[in-house]
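Take a look at the structures listed below.
After this come two complexes, each holding subunit A, first together with subunit B and then together with subunit C.
Then we have the complex of A and B:
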């Protein structure tokens, strides 16, 4: 998705772009998520600023795209199950409001107005009308299709980059694939969880590691869940750096009918093995929020790898260590949401336009002085 | 040709010829022991037993191995059973599944 958004904005700005992907469109992390475009789960700071810009850009992109990208401004509902959780949630929402987020406190007895099938014993929540959802694989494909329509995009799928080519002075001059060399003065590393590997091909370190997540998919159900609904614990899990398994229920319906249940986080490398423990916890936490889910059956589960950087911020921008190399990766679980702002920032760097927001917190070289992660 | 070359799938699972019956939308359908609901319906010339959620288009078995979830049917009142995996049992009531097959949530 990040690569598609970069290609979309860059080709629209008049640049000629070649997208090289070792798999199909959305074959990596893009195809393994839920398509969340969230401001609600972000604490005030650089990532929230990026999310707010992206929220606006997604509205524009959705207006230009066919309806089958399933963009829906459904809103988010964050719910607390204890008084302590609610106090922390209210404090976060107050800070977010000061940072430009629309958030409305919802008392316990009004939760059912938003979600009639929620468990009756929750302590309260917050409603975030800016939260939205897309079908990420379709969205990525349509952004690429629109870019192809400019006549400036060529798409090379099923072709893996095997080397980053550099001049004698160290500047990038393209990439090599099994099918030959592609010459370009700029190479954008939008390889997500595999971004560290591409960076190493260019001779630099970028400490991206995979953070695995499962999504449990129910049978198609009548409209049971209207918003993106998640427990207040989720925000703490997102911000944590722990490698151990963490789960907190994130529940949402889809236009096709199945309910998607996330979110688990664990750092286990690129291990795709199904974790019964993770799925068991997801199912029980989701049922805690929506008791009716206890009668629904799970059809399947899928796993994906979030591109994780130690400070939970993406790497966006030129790499001063290798002239011509730019990074656009490390968005962890927020890549779909943050894609448009990332694409616009990258395009701004390539065309030397004024950046739409301060990109310095995302500087890719910020980890260079730190010791390598264990 | 050796004897093994004439082994049929029915031989492999030890199926007998004892036919039993279940119903599909009230119609009597014959099945052999161990046969899946989808196989028995096909044998009876019935190719569709679900209507899609959006446009109510007909669906039946597609992959036949439990992956595609196209062959969903309501079996004994329970929706979303994969007819290609569920063994037909004597007296089962199989009905055409309309949409997601669920009542509105309470």
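Then we have the complex of A and C:
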């Protein structure tokens, strides 16, 4: 998704772009996650600023793209089960409003207006109308297709990058793949969870690691869930500094009928084996919020690997250590949502345009400054 | 039975020929065995028979070696230490770490349709060693009209006859490729159907290139001869290098178009002829059902017919230590191979668990030799019946490839040509093909072949399905919680959604 967004904005700005991927379109994490475009889960700060810009850009992209990308601004509903959770949620929402998020408090007795099938014993919630969604694989494919249409993009699939080529002075001059060399004065590293490996090919460290997530997909159901619904439990956990933090699974219905429940979070490397415990948690969270889901059958489950950096912010921008190399990776659980803003920022760097927001928190070299771990 | 809470010595998943032979052998060697199958009775695909309540007088009518099954069942009943867990549909196989016991998570009830709080119950079976004998499912190659009522799968027709004794029609064309066609045609004719034609896409000549495999398997030749003789009796002559390339009919199939095929299975223009019928049984071989193992990263090998089977050591062990496989999971090879492999695997498991040598050496040697011969024959068959790449030519643009999600061939082709799909997974993401109820078991081969049309396509990897069967969320939610994962206090975003 990130590579597609970068290619889209760059080719639109008049640049000639080659997208290289060792697999098909959306064969990485983009095809193994979900497409929540959330502002509701973000605390005020650089990531929220990126998300708010993206929210605007997604609306534009959706207007230009065919309906196939399944963009829908359905809104999010975060719900609390205890008074403590509700207090924490209200406090977060108040801060988010100051940062530009639209958020409306919903008292317990109005929850059913938004979601008629919610469990009756919840204490209240918050409605976030800006939360939206897109089908990530289709979005990436359509953005690339539109860029191919400009005549300035060539797409090379099934071709793995094995080396980053540099000049004597250290500046980038292209990449090598199994099929030959591709010359370019700029190389954008949008290899997601594999971003550390590509950085190493250019001789720099980027401490990206994979974080596994599972998603559960039910059989098609009549419309049961209208918004993106998730529990405020995690907000309370963060506020209390609790060590045993857990995931709040987002429950949502889709146009095609299945309900999606995702996603878990574990640091287990690139291990695809099923974690029954992860599925148990997803299912119990979903049935806690929507008791009627207990009888719905999960048809499938899938796993993906979120690319994450130690401070949970992506790396976006030029790498001062290797002239011509830019990074656009490490978006963790929000890469679909943050893709357009990332693409616009990268294009701004390539064309030396004024950045749409302060990019310094995303500087790729920020980890090199820290003392090495003992 | 192990004492409550203790794992079984071995869990055998699948009570077909392979699983039955393994369970009986392991129990006779003194192991505690859990034998699981989704069906309510043992037998698997080959020894499928009517439920006892149906009071069929001669379940052996369609089984030439019913005696073998009856013998196994007797030994199973006599054996101590086998816990029969029928009606157990396993949705996942896991283990915490290499060396720790296997857990099989199974659904045991269908649940109460009127009671939302009773989504069906689950259970977990643990064992020190694991034998996967889950058999196969059929391979489908779609064609225009394949979704019409009256079009059934060849194996499905066999299964119907074996369990319910019902015929799919009165005038049944049998088509596709592989030895199951002859078996299905023979059973259909014996049950009273008129079988005007048996249409085989390959040339059969492929066998002739493997004389050694044939010579070593006289049993297989008599089997073929038996089918051949039976078909002659019913005046059915198989036609080779031909395929049903379209089925016609308004509410149900009324006729089929048969085309001759060129070398790579491309239909020869102008060779079409129409054959009237009221049913069509079509099959293109079998696909090993290995997802419970591939999901754990178990190594596979690609058979000559393009399907993936588990890669095994000389004594049936997979690349995951402690996991053995027998029968079709190790490659489609028929019931005889399944019996031999099941026995061999059980002996190997006994040796591993007891620390004794896999005795008696003579029996082991004989089993291995027989297994090798049968496998060689199976490989020759797989090569002979491998679908030629030209078969996709008989797909019309508007032919539905994925019937669950109603995705046409044109949409799959567009995803490949214009949107960068290169394998079944990316086709699925871009078109929804394979996202429906069957989870790609029906459309998987067709989608893989269409995706392979791209010049830079990579071969489709083996199927991975984290859930082998649908599981109610309520069942998942009521599993016993595992120990909490290690806390990560340094990680402020740990709890965020999505």
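We take it that the second predicted complex is superposed on the first by the 356 of 374 C-alpha atoms of A that agree within 3 Å, B and C clash if a C-alpha of one lies under 4 Å from a C-alpha of the other, contacts with A are read in each partner's own complex, and residues count from 1 in each chain.
Note that in this section a residue touches a chain if its C-beta (ideal position, glycine included) is under 8 Å from a C-beta of that chain, and two chains touch if they have at least 3 such contacts.
This structure is a prediction, so every number in the text was calculated from the model and none was measured.
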Item checked: Combined model on subunit A where subunit B meets subunit C, clash or fit -> clash
Note to self: On the A-aligned overlay, A:292 touches which partner chain: subunit B = first, subunit C = second, or both, or neither?
What the structure shows: both
Margin query: Quick check on the superposed pair: does A:139 touch subunit B, subunit C, both, or neither? Answer first, second, both or neither.
Written below: neither
Checklist line | Which of subunit B and subunit C A:222 touches, first, second, both or neither | finding: first
Next item on the list: Could you figure out whether subunit B or subunit C reaches more residues of subunit A?
Entry: C
Margin query: Looking at A:190, would you say it contacts subunit B, subunit C, both, or neither? Reply first, second, both or neither.
Written below: neither
Check: Between subunit B (first) and subunit C (second), which does A:309 come into contact with in this model arrangement: first, second, both, or neither?
Finding: neither
Note to self: A:326 in the overlay: touching subunit B, subunit C, both, or neither? Say first, second, both or neither.
What the structure shows: neither
Notebook entry, point to check: Does the superposition put A:234 against subunit B (first), subunit C (second), both, or neither?
Noted result: second
Margin query: Let me test your reading of the model: by the given contact rule, A:265 touches which partner, first (subunit B), second (subunit C), both or neither?
Written below: second
Note to self: Per the contact definition in the header, classify A:280: touching subunit B only (first), subunit C only (second), both, or neither.
What the structure shows: second
Check: Which of these subunit C stretches, 26-34, 80-88 or 152-160, gets into subunit B when the structures are overlaid?
Finding: 152-160
Checklist line | subunit C-contacting residues of subunit A that also contact subunit B | finding: 219, 256, 292, 297, 299
Next item on the list: State the interface residues of subunit B toward subunit A in the complex, per the touch definition above.
Entry: 53, 69, 79-80, 99-100, 102-106
Checklist line | Partner subunit B, residues of subunit A touching it in the complex | finding: 117, 219-222, 224, 256-257, 292, 297, 299
Notebook entry, point to check: Which of the residues in subunit A end up touching subunit C in this complex?
Noted result: 23-27, 31, 33-34, 36, 38, 41, 137-138, 141-142, 144-145, 155-159, 214, 216, 218-219, 230, 233-234, 237-238, 241, 243-250, 256, 258, 261-263, 265-267, 272-277, 279-280, 282-284, 286-287, 291-303, 312, 332-334
Note to self: Could you list, by residue number, the parts of subunit C that touch subunit A in their complex?
What the structure shows: 92, 94, 103, 105, 111, 116-117, 119, 295-297, 405, 415, 418-423, 425-426, 429-430, 432, 435-437, 439, 454, 456-458, 464-467, 470-474, 476-477, 479, 481-482, 484-485, 487-489, 491-498
